[in-house]
Every structure is written in structure tokens, then in C-alpha cells.
């Protein structure tokens, strides 16, 4: 896992659309999503090289159907940050 | 799995009605639903050929009881997008 | 499973009251309920013959304590619709 | 299980207080509670004889700390109503 | 288990702070917390002697960072009340 | 476990960013997060020496992308406070 990219949107329709836009724009992979925080908010986390993640997040901001409520790129995530994100990802996989 | 169709409505009554309308309008299959994001929002995801999915979503927008809050058709979903949707679907099946 | 009847109310007190009214008005059976979508909304789903389900839903609208926010009768649910409802029902039973 | 009594309040502090008031006012037993429907709403369900349940619910309305948002007494619950309430109760017990 | 003390605050930061204040003010023990009722509400339940629990709750009301939205002391909880609280506590422990 | 540091923000994007800022500012470790209380609120809990935790929380308040809604440093948490936090942490790990 290298850089991490984050987007936050309202609703699942907007979230899947934004993920699809990101994955088609550059070589990023889907890591995990968080979606039960209330207020219909969905967070999508992707990973890849710094340039790929940056391009994916920029592309979602330009081309996704719905407005991006929040976004971020962490080029070099701290080990503790990676651990937190991987806990979310393994929880998602294990429940599936 | 080919194309993906998405609709978002308020409440379970509206969601089941919209799914029924979609499945009766064309040869789409129910993939998964997401319903614990708050604000009573329910997302229904169906799959089928591009034309079937398009017709189903259009039909829901015209004939469903309740207003469709958001909708989308992804004709050729990226592999990562399919993986995300399948995680939701297998989670639903496994909990049932 | 034949016809499906749906009512949506605010809160569990209203939901159990409405179910009791429906079951006493005609020969319907409780299928499942959904109740974690936020905003205190509860959806009750019952099944039976078309006339029994129609009578039950009408009776709930007239005689239940609290206002019915949404309701529906699907006389001949599509197989995919039944599959979605049965996933909710088996989830409820399995968690109990 | 005989009659069913229901109260709905805002928050867990109010819910436990109301349950304690009910159980001290008459010979009712705690059946189950529902508390994840959003908006801080908590529903408490008790059982006992019709007169005990009626007295408990009246007592909660008079003496509980917080206002009772909704309440009900079902003197002779339908079998399907009992089944729904017992599913909630066995889920609570099984998760504990 | 003797007396029960309850406080309700907004958010986890305020809840842990209030628990720490209570435990440092008198010989109370943490029993359970409830935190998924929506609206960011957190309920903390502690136990101990009547005087210890009373002092802890009063101390939280005076010295905790955030305002206490609701509080209660039940000096002699009914057996059914204890059973409800212990179900919450064993659920918390079992999920951990 | 020594001191505990707490921050509360709105959304997962803001939460991961704040954790990354904290971990890069001083030698703190990620303990747990709570994120299903409604209203999109996320709480991050870190641990370390008193000075490291203090610096991490101050740094998040200055340098994190999104405003910090609430924060706290408990230099010497009570054993019961630690027990509550560890229950949250082991729940997070066990579900992953």
C-alpha cells in the first residue's frame, strides 16, 4: 500500500459512481468504504502510487455525478494510519 | 454481471416497490441493497444487460410510487467497482 | 408467499400496534421488519391472499394508533422481490 | 406471555428510569428493548396481566423522570404480534 | 451490584472524560455504555454504593468538560432493571 | 498504556487525516475509533507519554484539514477508564 486517496459523498449511488470514475481514470485499487456514520455519508478509500491516487481524486471531483463533500490524498501514510485503514478493510472483507 | 443499475429512495416501502417495478419492466436481477446510512435512505442495485438495466431504471423513475432521489446506470463497471458491489451482496447473503 | 403488504410508521410502539391491528383484521402473517434506517422509521411486511393483505393494510390505515407514513400492497410480487424480502426475513430469524 | 405494555422515551437514562418505575409499580416483567432506530428513541416492552401492565404504563406516564413519547397496552396480543416481540427478545438475549 | 448511576452526554470525548471524573471522585465501577441511538448521544452506567454513585454523578455534573444532558441515580434498582442493564453489559463484553 | 488523547471530527476523511497528523507529530499510537453514533461524528483515541499525546492533540488542532469538534488529554486515566477504552479497542480488532 502506497498513497491513500479519500472521497466523501452523500449516498451509495454517488459513492459507487465516484469509485468507478476513479478506477477508470488511473491505476488505483479499492481499499475500503465506511458508510454507517449517519447523515447518508459514504467514504471511499483507494490506494496506488501518489500520482495515480492524486489523479483519481481530482478526476472524481471533476467528473463524478454528485458533489464531493470532502477529499484528501495522503502521499506517505504513517504506519498507524495504515493500520487503522487496514482494520476497516479487513472488517469489510470478513463480513462479506 | 454486466451493467449495474442503481436507485435511491426514502424508506423500505418505496424501495421494494421500485425493485418490483424494475424487475417487471425488464430482465434485471436484484444484486444487493444498502439501508443503514441514516436519513431513511435505501439504495437498490440491479444487474443485467445495458438495455435492460437502462429500461429498469427509467421505468422506476416513471412508475414507482415514491420519488427516486438518485439513480445511475454504469454500462461497463470497472473490476474494482464490481468487487465493491459484490462485497455488499455477499455480506447481505451471509447475514441472511 | 402470495401478496405482500407494507406499512411504514414512526417508532416501535406504533409498529407493533399496527401489526396487531393487521393480524386481527384478516389472515395475514408477519414476514419481517426493517428498523435501522434512521429517523425512527419502522417498516412492517406481511403476507397472505391479495384480499387479506389489502384488508389488513386498509385496516391499519384506519385503526392504528399512529399515522401510517407509507403503505403498499404488491398483489403478485416478482421472484426477485420475494428474494429480497426473504433475505430480510431470514436475517431477522437468524439473529434472534 | 399475556398482555404487552410499551413505552417510548428519548435516551437510555429515561428508558431505564421508566422500566424501574414500571417494575416497582406492579408485577410486570421486562421483555425487550429496541434502541437503534435513530433520533435517540428507546422503546421498552414489558409483559404481565392486563391490570399489571396497564398500571405499569400509567405509572410510567405519571412518575417517570422524562416525558413518555408514546405508549400502548395490548391486552390480548395476536400470535403473530407475540412472535415479532419474541424475535426481538431472543435477539437481545443472544447478543448478550 | 448495588446502586446504579447514569449520565448522558454528546460524543465519545465527553463520555470518556465524564467516566474518568466519576471514577476518580468515588469508588464506582464502569458497568456499560450505550452509544448507537443516534444524535451522537452516549450513556454511561456506573455502579457502587448509593453514596459513591451519588457523589460520582454530582461530580460529573460539576467537573466534566461537556454539559451532562441527562443523569439519574437509582439507589435500589429492581431485579428486572438490573437484568436489562446486565444484558447491555454482557453484550459489550462479549463483542470485545 | 499511559496518557490518552482524544479528538472528535466530522467524517472519515477528516478522521484519518487527523490521525496521520497526530502520528507524524509525536510518538503516539492509534488505540481505537468510534464512528457509529450518528451525525457523521468520528472519535479517534491515541496513547503515549503525556507530552507526546499533548503535542499530538495540539498538532491536530492546528494542522488537521477539518475543524476539531472536541478534544481531550487524560494524563493519568483511571483503571475503569482504561477498561472502557480497551473494550472499544478489542471490539475493533476482533471485528476486523
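For the reader, a short list of remarks on this structure follows.
Just so it is clear, A, B, C, D, E and F label the chains in written order, and each chain counts residues from 1 on its own.
Just so it is clear, a contact is a pair of C-beta atoms (placed from the backbone, for glycine too) under 8 Å apart; a residue touches a chain by one contact, two chains touch by 3 or more.
As the structure is a prediction and not an experimental result, all values here were calculated from the model.
Note on connectivity: the fewest steps through touching chains from subunit D to subunit E is 1.
Contacts with subunit B and subunit F are shared by A. Each chain's centre was taken as the mean of its CA atoms, and the one lying most distant from subunit A is D.
With each centre defined as the average position of its C-alpha atoms, the distance from subunit B to subunit C rounds to 21 Å.
Separating the centre of subunit A from that of subunit E, both taken as means of CA atoms, is a distance of 37 Å.
Here the CA centre of subunit A is 43 Å from the CA centre of subunit D.
Shown for subunit A are the residues in touch with two or more other chains, namely 36-39, 41, 95. A ring topology is adopted by the chain contact network, closed into one cycle in which each chain touches exactly two others.
Traversing the ring of chains that begins at subunit D and proceeds first to subunit E, the chains occur in the order D, E, F, A, B, C. By the touch rule above, subunit C contacts subunit B in their complex via residues 4, 6-8, 34, 36-39, 41, 43, 45, 69-72, 74, 77-81, 83-88, 90-91, 94-95. Interface residues of subunit E facing subunit F in the complex, by the touch rule stated above, are 11-14, 16-17, 19-20, 23-24, 28-30, 33, 35-42, 65-66, 92-93, 95-96.
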